[in-house]
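Sharing a structure below in structure tokens format, with a few things to ask.
Order as written gives the chain letters A, B, C, D, E and F; numbering starts at 1 within each chain.
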Amino acid sequence: MRYAILLMGAPYSDQASHSALRFARALVARGHRLEAVFFYHDGVYNAARLAAPPQDEPHLVDAWAALANEHRVALQVCIAAALRRGLLDEREAVRHGKDGVSVEAPFELTGLGQLVDIGTRCDRLVTFGP
Amino acid sequence: MRYAILLMGAPYSDQASHSALRFARALVARGHRLEAVFFYHDGVYNAARLAAPPQDEPHLVDAWAALANEHRVALQVCIAAALRRGLLDEREAVRHGKDGVSVEAPFELTGLGQLVDIGTRCDRLVTFGP
Amino acid sequence: MQEHHDDSDLLVILRHAPHGSSWLREGLDAALVAAAFGRRVSLLFMGEGVTALLRGQQLGPLGQKGTAATLEMLEMYDIETLLVEEQGLSRLGLSSDELMLEVECLSPSALARVLSGHRLVLTF
Amino acid sequence: MQEHHDDSDLLVILRHAPHGSSWLREGLDAALVAAAFGRRVSLLFMGEGVTALLRGQQLGPLGQKGTAATLEMLEMYDIETLLVEEQGLSRLGLSSDELMLEVECLSPSALARVLSGHRLVLTF
Amino acid sequence: MLLHVVNRSPATSRVYQQALAGMSPEDRLLLIEDGVQGALPQLVRYYAGLEGRLFALKEDLESRGLLGRCDASVQVVDVDGFVDLTEEAERTVSWY
Amino acid sequence: MLLHVVNRSPATSRVYQQALAGMSPEDRLLLIEDGVQGALPQLVRYYAGLEGRLFALKEDLESRGLLGRCDASVQVVDVDGFVDLTEEAERTVSWY
């Protein structure tokens, strides 16, 4: 089946990101297609490329990136939720006159329309809240 | 009296930051001394220097900086909570080999010992949670 | 009611009060975008979310807008199905005629039917 | 008990379960740092926080450590006053002899006295 | 005397129980943010026994359209009154 | 048939009430994260009437030391069982 995940919890604050990653890995291991993870509300913090967790803790940002690269999962970050929280890719940094970048590929800033789109297009949408 | 504030809520997610700022302004208007705001848990996200909220919304990061500059309030960000959430100043960026900076003055990364210190040293500590 | 809840619909459940968090606004944003993309959208106000519909809301502590103005625009977006959890209202001692918009009150059994009747459900 | 709650004390209230959020770990970190700085620290486990003391905890979903190992180090930090809300335990059907550390159970009236008796209270 | 601050509604959160459990007979309780819902006549019963010691933040009532709906037993204070309360109390304990 | 997912404990949150309100008689409920506390014998009464339709996530019970304490009426599933449940249900609705 085609799945999508909606993640709304911040990493290192709530278990939501851990639960979503565990579920995502189980999905692909079972042969399902995970089309996209959509990051909204505090879930957008999962895209913070500068995250430097202690060595003995899971690196969630890297874990999402690995999942995306291995299984062609789109990592879609709500642009409106991200901008106000200080998460900008290079294009948005230029557009807002900021001298720094806090989001990079495979995470992509995108509109809420994508959430509606994957929600409708996929067979299953599973939400992980904080 | 000497006050300190402990802020644990993310900006743009919960009202905690708004409540803390409003309370801080009322404090200094009344002639109290606000020594420090300590940012912990998701409160550390208040220090995200790249935040780009819509024009018609309050800019919380700038509002904290203005308060700090006008009233000599220390803005102390828990370094352990900040690093895992992707908030690094220049020194930590170098130390962790990251090519970007997401926290700048007047916010300063500091240890939890500072929280204990201001909590003991000030006459009042008021916590704003998410 | 049946015609509102066919299989092409999106149900957005709003469970949070205005000003206290961004949940309400972010849920409404999702609803507005979906409507702009041509989806038929229903809103369900549950629990504390029913307070979003109270009259006389004002700016937040630092002058931020809140959500009342957005709710007033729903009709422009063709979002016309506004459902309210009856129990959510009564728990707060409110009645539907005190609300700023016309809504349909749902009994507990109707609530479950509404959830089953939508193709996509988003909880905020 | 009185000697534990003099005016130089810090009370850290832990109200969250392990693994579900970072609150418990962040509260414990504050307690450990305060103890390392020479403060006398008491811990109060309230509500869901009492589950932090259950035996047999294991790694989290992605292999993260949890907080049980930290709790076992409390004695090394001279954090010896471990208070548990009696009601928090009974609400979950637990009793204090099922816990991994020796604790003092507090009745509702004792709870309020403990809060009043500390110079600094941090709620997590 | 301590000031306790609650920012969640008793309609959906049980945090009010923790605050009440931690309160001494002379302590005060201030409702802020979503917590001001607790000042509604229908919900104020959760705070029975706090007569004269129960406060709610005016600005948060106002922004939610709740100012006129507040139960008569609740003392409404603005943010300056909030500062007063923290001055008068030895310590402030927040429940969220 | 829908799958409802609850991640908060009925000991401190009233979210379980919203999930129950949204459930049809054939819907299923899965407890995850802090929600697995609801599988304790003392708390499972909040889910009365869900016999045969109440599930709890094994890994989250295990990491909390709760696996052996689970009420007999709760069906324990691991994360693969979670995937099964989402396959079998038309939709998943999360309450948090």
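Operating definition for what follows: contacts are C-beta pairs under 8 Å (C-beta built on N, C-alpha and C of every residue); 3 or more make two chains touch, one makes a residue touch a chain.
Just so we're on the same page, UniProt names per chain: A, B = tRNA 2-thiouridine synthesizing protein D; C, D = tRNA 2-thiouridine synthesizing protein C; E, F = tRNA 2-thiouridine synthesizing protein B.
Every value quoted in this text rests on a predicted model; they were computed, and no experiment measured them.
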Partner chains shared by subunit D and subunit F (touch criterion as defined above): A, E
Interface sides of subunit E and subunit F: same vs different residues, half threshold: same
Chain whose mean Cα position lies farthest from subunit B: F
Chain separated most widely from subunit D, comparing mean CA positions: C
Centre distance in Å when subunit A and subunit C are each reduced to the mean of their C-alpha atoms: 26
Intercentroid distance (Cα basis), subunit C paired with subunit B, Å: 34
Centroid distance [mean C-alpha coordinates] between subunit F and subunit A, Å: 25
Junction residues of subunit E - those touching two or more other chains: 7, 11-12, 14, 33-34, 59, 91, 93-96
Two or more partner chains touched - positions in subunit A: 12-13, 15, 19, 22, 41, 57, 125, 127, 129-130
Residue list for subunit D, restricted to those that touch at least two other chains: 15, 19-22, 47, 60-61, 119-120, 123
Touching pairs among all chains present in the structure: A-B, A-C, A-D, A-F, B-C, B-D, B-E, C-E, C-F, D-E, D-F, E-F
Contact set on subunit A toward subunit B in their complex: 10-13, 41-42, 45, 48-54, 57, 61, 83-88, 92-93, 96, 98, 100-102
Subunit D - residues contacting subunit A, complex: 19-22, 60-65
For the subunit A and subunit D complex, residues of the former touching the latter: 12-15, 18-19, 21-22, 56-58, 60, 63, 130
Residues of subunit E touching subunit D in the complex: 2, 14, 18, 21-24, 27, 91, 93-96
Contact footprint of subunit C on subunit A as seen in their complex: 6, 40-41, 80-81, 111-113, 115-117, 119-120, 125, 127, 129
